[in-house]
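Here the chain labels run A, B, C and D in written order, and each chain numbers its own residues starting at 1.
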Amino acid sequence: MVFKRNQPDTLASGKLSLIRHATQHVLVSEYFVLILTIVYFLIVWAFVPWIGNRSNLMNILARVWPLLAAAVGQTFVLIVAGIDLSQVAVMAVTSVVGTSLITESVNPILFEGNPIWGVLITEQGGILAGHPAGVPIAIIVVLLIGMAIGLINGTAIAVFRMPAFVVTLVSMMFFGAFAIFLTYSENIMNIPAGYTGIAMERLGPISASLLISVLLAVVAYMILGRSILGRWMYAVGLNPRTARVSGVPTRGVLIFVYTFSGFCAAVAGILMTARLQVGRPVAGGLDTMLQIIGANVIGGMSLMGGKGKVQWTVFGVVFFVVLQNSVDQMNLDTFVVRIVLGFAILMAALLDVARNRMAGSLAQTPSPTVGAGT
Amino acid sequence: MITRNKVYNFALNQTTLLLFAALFVIFGSLAPRFLSPSSFQGILYASSTLGIMAVGITLVLLTGGIDLSLGSNMYLTGVFGHLLLNVVEVPVWIAIPGALMVGLAYGALNAVLVTRLKIVPFVATLGTLLMGRGLGLVITRSISIDFPDSLTGLRNVAFLGIRLPVMVMLAVMLLFHFVLTRTQFGRQMYAVGNNGEAAAKAGLRTTRIVAGAYVLCGLLASLAGVVAMTRLGRFNPNFAAGDELFAIAAAVLGGASLFGGIGVILPGTLLGALMIPMVRSGLVFVGVDIYRERMVMFAIVFLAVFIDSIRKEQMEKRERRTIMKVDVEGESR
Amino acid sequence: MKRLVLGLLVIAMVLPGAVFAGGRQEADDTVTIAFLFQDLETEFWVAGHHAITTTLRGLDVRVIERNAQNDALRQLEHTRDVIAQGVDGIIVIPQDGESALSIIAEANRANIPVGIFNRPPSSEQGDALVAVADNATIARQAVEYMMEEARKLGRPVTPAIMVGNLGDPNAVERRRGFYQAVEQDPGLFTREPIEIPTEWNADIGQANLESAMEANPDIDFLFTSSDFLFPVIRSVLEPRGKWKVYGEEGHVILGGLDGDVTACRLIDEGYVASTGVQDVFYEADSIMDAMMAAINAGVGRPDEWILDPGFALTRANFDERAMDMWGCVLRNQ
Amino acid sequence: MSPFLRFSTINKSFGGIHALRDVSLEIEGGVIVGLVGENGAGKSTLMNVLGGVLEPDSGEIHIEGTSYAPQSPRDATRWGVAFIHQELNLFTNLTVAENLFIDGFPTLPGLPFVDRRRVRRETEDALHSVQLEIAPGTRVETLSPGQRQLIEIVKALRRDARLIVFDEPTTSLTSKETEKLFGIIRGLKAAGKTIIFISHILNDVEELADFIVVLRDGQVQGHGPIGEFPINRMISLMVGRDIRNLYPERSAHDPGPVLLSVEKVSQPGIVRDIDLVVRSGEIVGVFGLMGSGRTELARIIFGLDPQRSGQIRLKDRTLSPGQIRERIEAGMAFVTEERREEGLVMDLSVQSNLVLVTLRSFLTRFGGLTKPGLIAMESEKIVEQLRIKTAGAGTTPVKSLSGGNQQKTVIGKWLLSRPDILILDEPTRGVDVGAKYEVHAIVQKLAENGAGVLMISSELDELIGTADRIVVMSRGELTGEFPRDSYEKELILAAAFRQSVVMSEETGAGGAV
């Protein structure tokens, strides 16, 4: 494919156009963020040798899973041109409820008189403590709560057509305060191994968190790429009116997407709590929310809806965690992290703008397709 | 003759005002002192910073964009104010304009990212949010900064019982109410927000208008930062983190739409800005238990947004033109 | 447009490289100690950080610092990072008691001595050097002195407490300490203490204090969970003519915790009755000595609790004990 | 005396498609020029070049002898060239006065504030000049299309435009408004303005224009005084082939059982007491002028809009109001008027659009997973069947297709669901002549296979050429029904206007539209 340019026909320019052509193909390809991450990691490795050792790689992976679980839910919401700021609050509520159900012992002085005393917790610890199927039941309850909060958001947005930004912002604040209210800000200790084991690396980096998170990503990929629901989501994201006329249950799709986002946040809450081995009513706050959305944006998600894939989000999350880990390893000020992350987000956005423009011009040539769905 | 329809119309247009009044009465009945004029002045004082931010956000929302970087802008303004006042030791009347320049530059950066480099506003301002806060923290080594009495003394300057921060807010709201309703730039902003393509076809300088919105929003955020410096006297590292979310909520409560073209400073944005501080103050007056206070507040905010969206839907239904009505007006059958 | 993008791509590649070059650390054989702290939000933490780093530098030890910015999980990652880097010892100001236990477990597993500073682990599990003061007892001591002054007035006083962010264990502990003191002599007070939420945010603290003073103008016994709010308290009391030195008409009995520079000055000037203080220097020195002893002796899992009872610097004992308070030490520099 | 406006060898092409080929034209000052041509003939491209929206690849334009090369709509306005676009450039959230002055408000002396008194006064005068008695403060969103059109005209006049281009002005006007528009245009001509009047309602062009220019495939096929261009000559030049075979031959046959029955359907303010029946194999045409409620009726039948009373049954299954999914499952399909807003998802590929409605039929056994292979095969079949010209059905986004191919994609989308009842609203708007024929051929084949068709159109000739029966709507009510053998244009139009039939002498054969 020759670029019609009015440049002299010397050999050098031939090579030059080859390089430019190659970089353009890289820019346009879907795996750009992954390539950037790998190249970036190699550069850092040259300067900071211990970043490559086993335990650091394990740390990086361990940080990916909770963030990925939540980010996948956010991807679905972004595809239908929505946004879900309440995921952090879902993590907090589920962390508190999940652990209080199964905690083996609790300091009564701290817990007496708070709202869950006698409801979820008694003198002997959580009401499910010691129960053979205690942990699985707790996990199911946690997932249901996540979905319930997602359902509330979805209904407000789909049925009453309230703006997604404000609805999920207010539910973030409300449920965030609710989590603290449940235990009057006390953390919950003594969580049985069955629950904390989820984050335990057993053979090599493999841990239940890894499996759960990857499974969630695969399910999301199948839904988005292969199922009716996925196609409906793209259609609702790009043109809700045409979708409605074509018989797509637009309200149903929206409600599903926000419920799924709540579900993913609950999964992320479980993975985080397991890793920290403590039930905390404050799970990350605004920073974690910015990370989830930042990872999606770096992955290539457009806020306009209708554009995006699960694998892009995976690449975005990996890039995000590698970046954060590398800056930590360099013992740089953590304030620098914010500047670098902000810069990375702007770079990703600029490349996205360039990609669309180039993809437009490259559309005639059979390059890998970019943009919406299959 | 007040017909049922007229009352219904009024209610439909002024839901925020009615909700505001209802809450005021409820809190008043539970804690009579809440109805005193000085308590209302306290609410105005508490919402002076949020009000100025809400005006800036309303401008950006009008053009169909969004600005997440207000909190970092305010913090950075405080940091440069600190450098000018405490390090370079410049007098207050130089430090304040100097600090405002920072906000202006911040808004200009947002404007370039959105209008020149065509980045989606949410993403552009998310990037500057992080970079702005990071820069501020690097300068202060994330240690909280104090402002001299020469600056904080301004807060007690009062005129006819209205304190300076409140005066600044009301002045900003009046000024921009006029800008939006009485100047060409203002009306063109509504046009760009309503239909960007048509605005370009009609020969309006759309990029300049949108850029103007972001620059003004940056300047107003910076002014809110200066007001906060005088009010609080001290900024710790996470000062105003997340406040932009409240400013957006305030603008939406005031009737602004996230899709552009709709939104009024008075009474809309003013009422929206007073809503949250009023509820917060009411809950303190009533003495709601400390753990329930935040939940009750956000439940009320959710209710307010819910009522506002019902209002918008009803208005839309009434606006939809009918075939038969035209006939009644039109030629005889 | 393409040239712009390619240029940006080059920058995106080169920048990380350049930044890292600056940050490269040579690994050598001197003793390396990692100091993980959760944030420098208030001057108290700065002082803690200052105390630790000066003692460490005194012992010609290489220090790696990590600020987890209030993220417990992040702090756990930092622990694993520094263990991966093979440090000789770890000093931590944990986000809360529970995550301290997780950090101790990690260090014990890697057989690296770990010191917990300022926030006690919530149980005895694992081996660690713990130099810590109990927020509740310190708060109780400060409030007890306030009550002494109240008794001198010969009339019941109206108590109020400015509560910190309920998600922060320190705030919750200090609130418990306040109630422990107040419950000892209920007769001294006209009513149940008025709770004023601040969420560690000066803006919200000021607004709610303003509402509280409006709702009950007779508040004359006010405890703040952190001294960083004193500038806000002044901004609310001063216009109400209640910012008065001890003995003057309208004086409000004030007390706080942390013991920062402002608190030292306000006690000296007579505005504030007392402030609860941790003897940060004592804590830093004692934990350092124990840590270095463990490293030199090759003890992988030292286990010792160093209790700092802390004390209340009051108007009464100001002359003798002022120099034990880090706030006053900094004030003199 | 050099002509007022001269185009010399204007060329413009978009990626291989020649929109304008060597267009040369001279237009006198102070006359009304009728510019006619099928969609895709190059009319809008020529006007966009004139208006500074597009830059010609080659060739020049001269106004009164001086070279004119506008870079933006602002330049065009400055040169006195004004446009009244079909989709009007008004801001619904602003008032009439604000829309008039949006690009340049008069200000109070020395103050940045708008001189509101002067704006109100000048707006009142301007509205008066077009006999539009509404307050300057009314918001545009409450106005009818006709009223909005008059405001666009006033906007152009206010900038003392010398050349005014009307783009399809009468399609959304009631008859009364059309008469008023003609009066105003004649007034403009008398005031020495030059008018370019673009329309595909040839009767309007015939009644109004002094000169005619016919465009086809980007070339000027003919131009000259109105006298030399009776309607049928215009058509043959426009269409480039005999008008007789404009629509496929409609073989008469007796329709089958009733498929769709609409009984006493009403919705206050929209439609009242509609009774309508569509039989298998029958094409029922619905004719009505703008604002007659025909599109609203279609949306109510399909469940997009609410229905207060009455009953709609499809093959004796009663359909509950507002349930779209239920109607699709029962076998109803709806090709809407707004192709871009409600017909297609522009950024998705042709294939994704085609299968959007019938996704459920592509399921694998387990879960909601679709079979990509089957989807590709089915959509390829439809692309061949309807001869949709596209580079790769799976890859190219629909927005890169021509109007005709896009419309075929929308119809293809619904064909996959094998509908019993197909409702079409303005099926051939914005479609070139060749594709128009093919669209009608597809629809007729569908009818022959036993489906019932309800076709809504504002072009009476199209309905006469294709429908078995025509019902007429006016002001939300059915006002007439005409079987195929007794199509009388005047009677149908009268029913549409709901006026007594006045056989005006001068209109002769052609009915006054």
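Methods note: a residue touches a chain if its C-beta (ideal position, glycine included) is under 8 Å from a C-beta of that chain, and two chains touch if they have at least 3 such contacts.
Fair warning: this is a prediction, and the values are worked out from it, not measured in the lab.
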Selected pair, greater C-beta contact count between A-D and A-C: A-C
Centroid distance [mean C-alpha coordinates] between chain C and chain A, Å: 33
Could you tell me the distance, in whole angstrom, between the mean C-alpha positions of chain B and chain D? 43
So how far apart, in whole Å, are chain C and chain D when each is placed at the average of its C-alpha atoms? 72
For chain A, residues contacting two or more additional chains: 180, 184, 333, 336, 340, 343, 350
What parts of chain C, by residue number, touch at least two of the other chains? 67, 166
In chain B, the residues touching two or more other chains are 142, 291, 294
Can you list every touching chain pair? A-B, A-C, A-D, B-C, B-D
Footprint of chain C on chain B - complex, ascending: 31, 33-34, 36, 38-39, 42-43, 45-46, 49, 141-144, 146, 152, 155-156, 163, 228, 231-240, 243, 277, 280-281, 284-285, 287, 289-291, 293-294
Contact footprint of chain A on chain B as seen in their complex: 66, 113, 117-120, 122-124, 126-135, 137-138, 142, 241-242, 245, 248-249, 252, 257-258, 291-292, 294-295, 298-299, 301-302, 305-306, 309-310, 312-313
For the chain A and chain C complex, residues of the former touching the latter: 20, 23-24, 27, 36, 39-40, 43-44, 47-48, 50, 53, 55-56, 59, 62-63, 107, 180, 184-187, 189, 272, 275-278, 280-282, 284-285, 287-288, 325-326, 328-334, 336, 340, 343-344, 347, 350-351, 354, 357-358
Chain A residues touching chain B in their complex are 85, 156, 160-163, 165-167, 169-171, 173-174, 177-178, 180-181, 184, 286, 290, 293-294, 297, 302-304, 333, 335-343, 345-346, 348-350, 353
Contact residues on chain C for chain B in the complex? 39-43, 46, 67, 163, 166, 194-197, 199-200, 202-204, 206-208, 210-212, 214-215, 228, 231-232, 234-235, 238-239, 262
